[in-house]
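Next up: some structures, all given as structure tokens.
Here chain A shows up in two complexes: once beside chain B, once beside chain C.
On to the complex of A and B.
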């Protein structure tokens, strides 16, 4: 069942359009990650849904009902803010109890509700503390607990892991999906960390230039990016690119990388003479693969990054690109070595030069 | 924490003592004067050795001022009471009007908002003498001359801008997200205003209220023109001590001691809210 639906939602401040005609339908219990850089209006989108700000045009529907005339306190939404927004004059317990008290729950029900969610988030030992006595991680959990306490139908989480340290962020990235599923709520989760998006999402909605440029599962976003922009946002190190033209030599499609023609996979043989941007993920660069023609390149630098090792390569024609190999691989070359690079089809894409859209969806 | 050397500590204490003496000695001297007669006050050289007497206080409280030229009735206690009534109700009314207005100016952008706020502030620096003549004429017509209500109304010129502008700053410092969070949790805007905005701005409200009280208490010229004897505050009433037969220094001193007491008591009481404000600032994550 569709729990939350955005219909051509538009918000502008004066002449400046933050976003223009957003459409999204989130199923009941689904976790949708809104992913985009800073300044793309992710937080404003959550504010519109919560009702603390009004859209310029378009509709927000919760369970099929337009909520334009429903005040924020009646929307049955839980929201966790990026800056926590705890009530500084109340204890952690009272902070978490706020939504329960607003529903006029009895003292027993309030206590049970707070204890339950506090135990879930492992903050039951600091409930008596004032917010200023909590660590950032505890503040973040308190804010999350407050959003969860009244078991809302819709949860809006605004980059909740932004202000916590790396260790806790890693732990929470593992814990959160289970926790969020347990609530059964429809979750809109805002982040600008692509790993967080991949780890948590049922679907990712990528926002840029005021539009959702792709809304799809994490796998599809990674393997079939809709545009060059999306391909660049997901992946670390990010995708290698080169502006080129598809040329047919016999029946094989070729691209020119630094003056050297390199054959690419057969899917692109109808695209002869087209101006394109060639993209290959560093993970899809193969080093010294047997029986295939490739690009001769010199290894400029070798950087081990935990389980992956990143190579900086310089092709004979002067194209610089990165390759990422498992650190356990036996064929990691020394700096200065000459290698042959080939590109695995699954990580190789062509994007139209003018529209930046990926060819052959 | 404290890395300063002994020399620094001694020097600092000496400086603080000097400053305290500079400011507190006159008050201490006035307190001593209030326990003396005119003769012992005016002897040369002055001395702090004297036989204390409470005659000055007795005279003030009973309202019988003894001078060389005989007894004069003064209404000092009446004046003191007027000051308390005028200042208290003026500040109370200003808080009632000013705090919601300050919230509106801090949170909402509306047409002419800044202009209205600035106009209200301009009352504060308009010279009182400029408005007094028309005001006294209007007051005569409206029958507001020599009434508490009339004076409390005029005192809004002093209190309201002060409270409005100080409290507005405090409201602006509260992150709107905190209020949004309270609303989303299921509370309407009125509850959000009374349970979140006001408690968080309380140090500012206390400071502004105290300041407004002091300004209202110290006002002289409005009350001098717009009220007659039975409604006049202590600032105007003090003129009665300048009599035909001389100035009653001892009684003036006693009157000063009595008239600073309420303000001092209020300041000591409000202090804990002011300090609370300092520790609350450390909250934001």
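On to the complex of A and C.
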């Protein structure tokens, strides 16, 4: 069932259009991540849905009903923010209780509601503390608990892990999906961190230049990016690119990288030359794969990064690119070594030179 | 291209009306000519005090620092032959980026053409060619940081000190610049000290990493050795991301079998031969140990560790599987794309060779797999 629907949603401030004609249908219980850089209007979008800001045009529907005339407190929406926004003069308990009190719940119901959600978020031992006595992680959990307390149908989370340290962010990333599912709410989750987006989302809506440029599962976003822009936003190190031409030699597509023609593993089969941007993800660069023609390159530097090791490579024609291998791999070359690079199909893409759209074949 | 020798150096701050702070404690460290060493630790570990003593901004309380066989710890900063890039950039505001970088070359008395060529090449490497004629305040933090780095690297020095040199860099540039800078430092045989709190940065760039905590050097080793043979539990859990899984366990070392009873009910048992005779005999002297298992060594498959999947997250180049085992969460990393349902029951295994065993009380390493620490 569609829980939340955005129809041609547009927001302008004077002559400045923040976004233009956004469409999105989120199913009941679905986690949709709104992903984009800073200044793309992600927070404003949440504010429109919450009802604290009005759209310039278009509609927001909850369970099929236009909510334009429904006040924020009656939309049954929970919200949490990156700066926590806790009331400093209230205990954690009272902070979490706010939405329940706003619904005029009785004392017993308030206590039961707060205790329940505090247990879920493992903050039941700090309920008596004021926000200033809480660690950043506990503040963030308190803010989440407050958003969840009234059992909202829709949960809007604005980059809630932004201001917690890396270790806690990682732990929360592992834990959050299960927690959010337990609430049964439809979640719109805003983040600028692609790993967080992939880890949490059922679907990701990538926002740039006032539009959703792709709305799809993490798998599709990563493996079938709609545009060069989307491909660049996901992955670390980001995708290697080269502006070049593609042409068929026999039945194989070839691109020219640093003046050298290289066969690639692609569904592309169009005759003639075409200007393209060639892209290959660092983890799709294979080193010294047997029985295949590839690009000869020199290893300039080897930089081990935790579970992956990144190689900086210069091809014979002077194309600079990165390869990423599991650090446990047995074939990690030494700096200065000459290697043969081939490109696995799953991470090899061609994009139209002018539209930047991915070519499908 | 100098050799830096730090011997028995202490730094004691004596603030008025407060207790003295022993920020660095008898630190001894040698950086070989052309070697890249990272001083790694969280804030307050003593890495910045060490850097400031090497640069000459801070007196040495005890001990000596020498560069190329010459004691430098009593010399003025400018007489030490050290080039520095700071976290706070410290570019001269009235000079353009190009002038800032060329300023460092003044002492070398190069011709204008030579100086320009050096600045130009450095700017290309650091992707700041387009801002050479701009002033520091009109460019982004990441660009200022690259300019500051360029100013340090463009001149010849016996030692390069880089303080958090890449913290502000745009993520898209970071990976490629790490590679280029490492290559540059190697090619020019620059003896380098890199100060950072980011273990990923240290691993990527350094030949050897000095892990510091509480003013004390914990371990000084190559990135590979730090991963494979952490000297203590601190180093083991500090290096690596996702971090090492740690289990507290009782240990029984018999003639045939070594078994670990993990708190919460799981038992791991291995033939004593897999852990080697010397490790089994070491373990027989312990009742309790901390077991460290790197996420990539914890495999989902048949095994003695039973748990429930908390989450299974594919990130494009790796999958993180979180599993609840004995009411705590452990993490397994796979380079394949794995799909497991939240809440499903799984088993995990770890090979004897992948166990890191630490003394429960001192937290010092006892053994790594079959090899004693």
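Methods note: the second predicted complex is superposed on the first by the 357 of 361 C-alpha atoms of A that agree within 3 Å, B and C clash if a C-alpha of one lies under 4 Å from a C-alpha of the other, contacts with A are read in each partner's own complex, and residues count from 1 in each chain.
In this section, a contact is a pair of C-beta atoms (placed from the backbone, for glycine too) under 8 Å apart; a residue touches a chain by one contact, two chains touch by 3 or more.
Here the structure is a predicted model, which means the values were calculated and not measured.
A.B. asks: Is the arrangement of chain B and chain C around the shared chain A a clash or a fit after superposition?
C.D. replies: Result for chain B and chain C: fit.
A.B. asks: Identify the partner contact of A:308: answer first if only chain B is touched, second if only chain C is, both if each is, neither if none is.
C.D. replies: In the superposition, A:308 touches chain C alone.
A.B. asks: Touching A:141, do we find chain B (first), chain C (second), both, or neither?
C.D. replies: Neither chain B nor chain C is touched by A:141.
A.B. asks: Is A:87 contacted by the first partner chain B, the second partner chain C, both or neither?
C.D. replies: first
A.B. asks: Which holds for A:322: it touches chain B only (first), chain C only (second), both, or neither?
C.D. replies: After superposing on A, A:322 lies in contact with chain C but is clear of chain B.
A.B. asks: Counting touched residues of chain A, say whether chain B or chain C comes out ahead.
C.D. replies: C
A.B. asks: Check whether A:73 is in contact with chain B, with chain C, with both or with neither, and answer first, second, both or neither.
C.D. replies: first
A.B. asks: First (chain B), second (chain C), both or neither: which does A:218 touch?
C.D. replies: second
A.B. asks: Under the superposition described above, what is the C-alpha centre angle at chain A formed with chain B and chain C, rounded in steps of 10 degrees?
C.D. replies: 90
A.B. asks: With both complexes overlaid on chain A, what's the closest CA-to-CA approach of chain B to chain C, in Å?
C.D. replies: 5
A.B. asks: What residues of chain B sit close enough to touch chain A in their complex?
C.D. replies: Touch residues, chain B against chain A: 175, 177-178, 180-188, 196, 199-200, 279-280, 282-285.
A.B. asks: Show which residues of chain A lie in contact with chain B when the two form their complex.
C.D. replies: 47, 50-52, 71-75, 77-79, 81, 83-89, 98-99, 102-103, 130-132, 136, 139, 146, 150, 163
A.B. asks: Quick one: which bits of chain C touch chain A in the complex? Just the residue numbers, please.
C.D. replies: 171-172, 174-176, 178-180, 182-183, 186, 200, 203-205, 223-224, 227, 240-243, 295-296, 310-311, 313-318, 320, 322, 329, 331, 333, 335, 342-343
A.B. asks: Quick check on the complex: what are the chain A residues that touch chain C?
C.D. replies: For this pair, the touching residues of chain A are 167, 170-171, 173-175, 177-178, 181, 195, 198-200, 218-219, 222, 232, 234-238, 281-283, 300-308, 310-312, 320, 322, 324, 326-328, 335.
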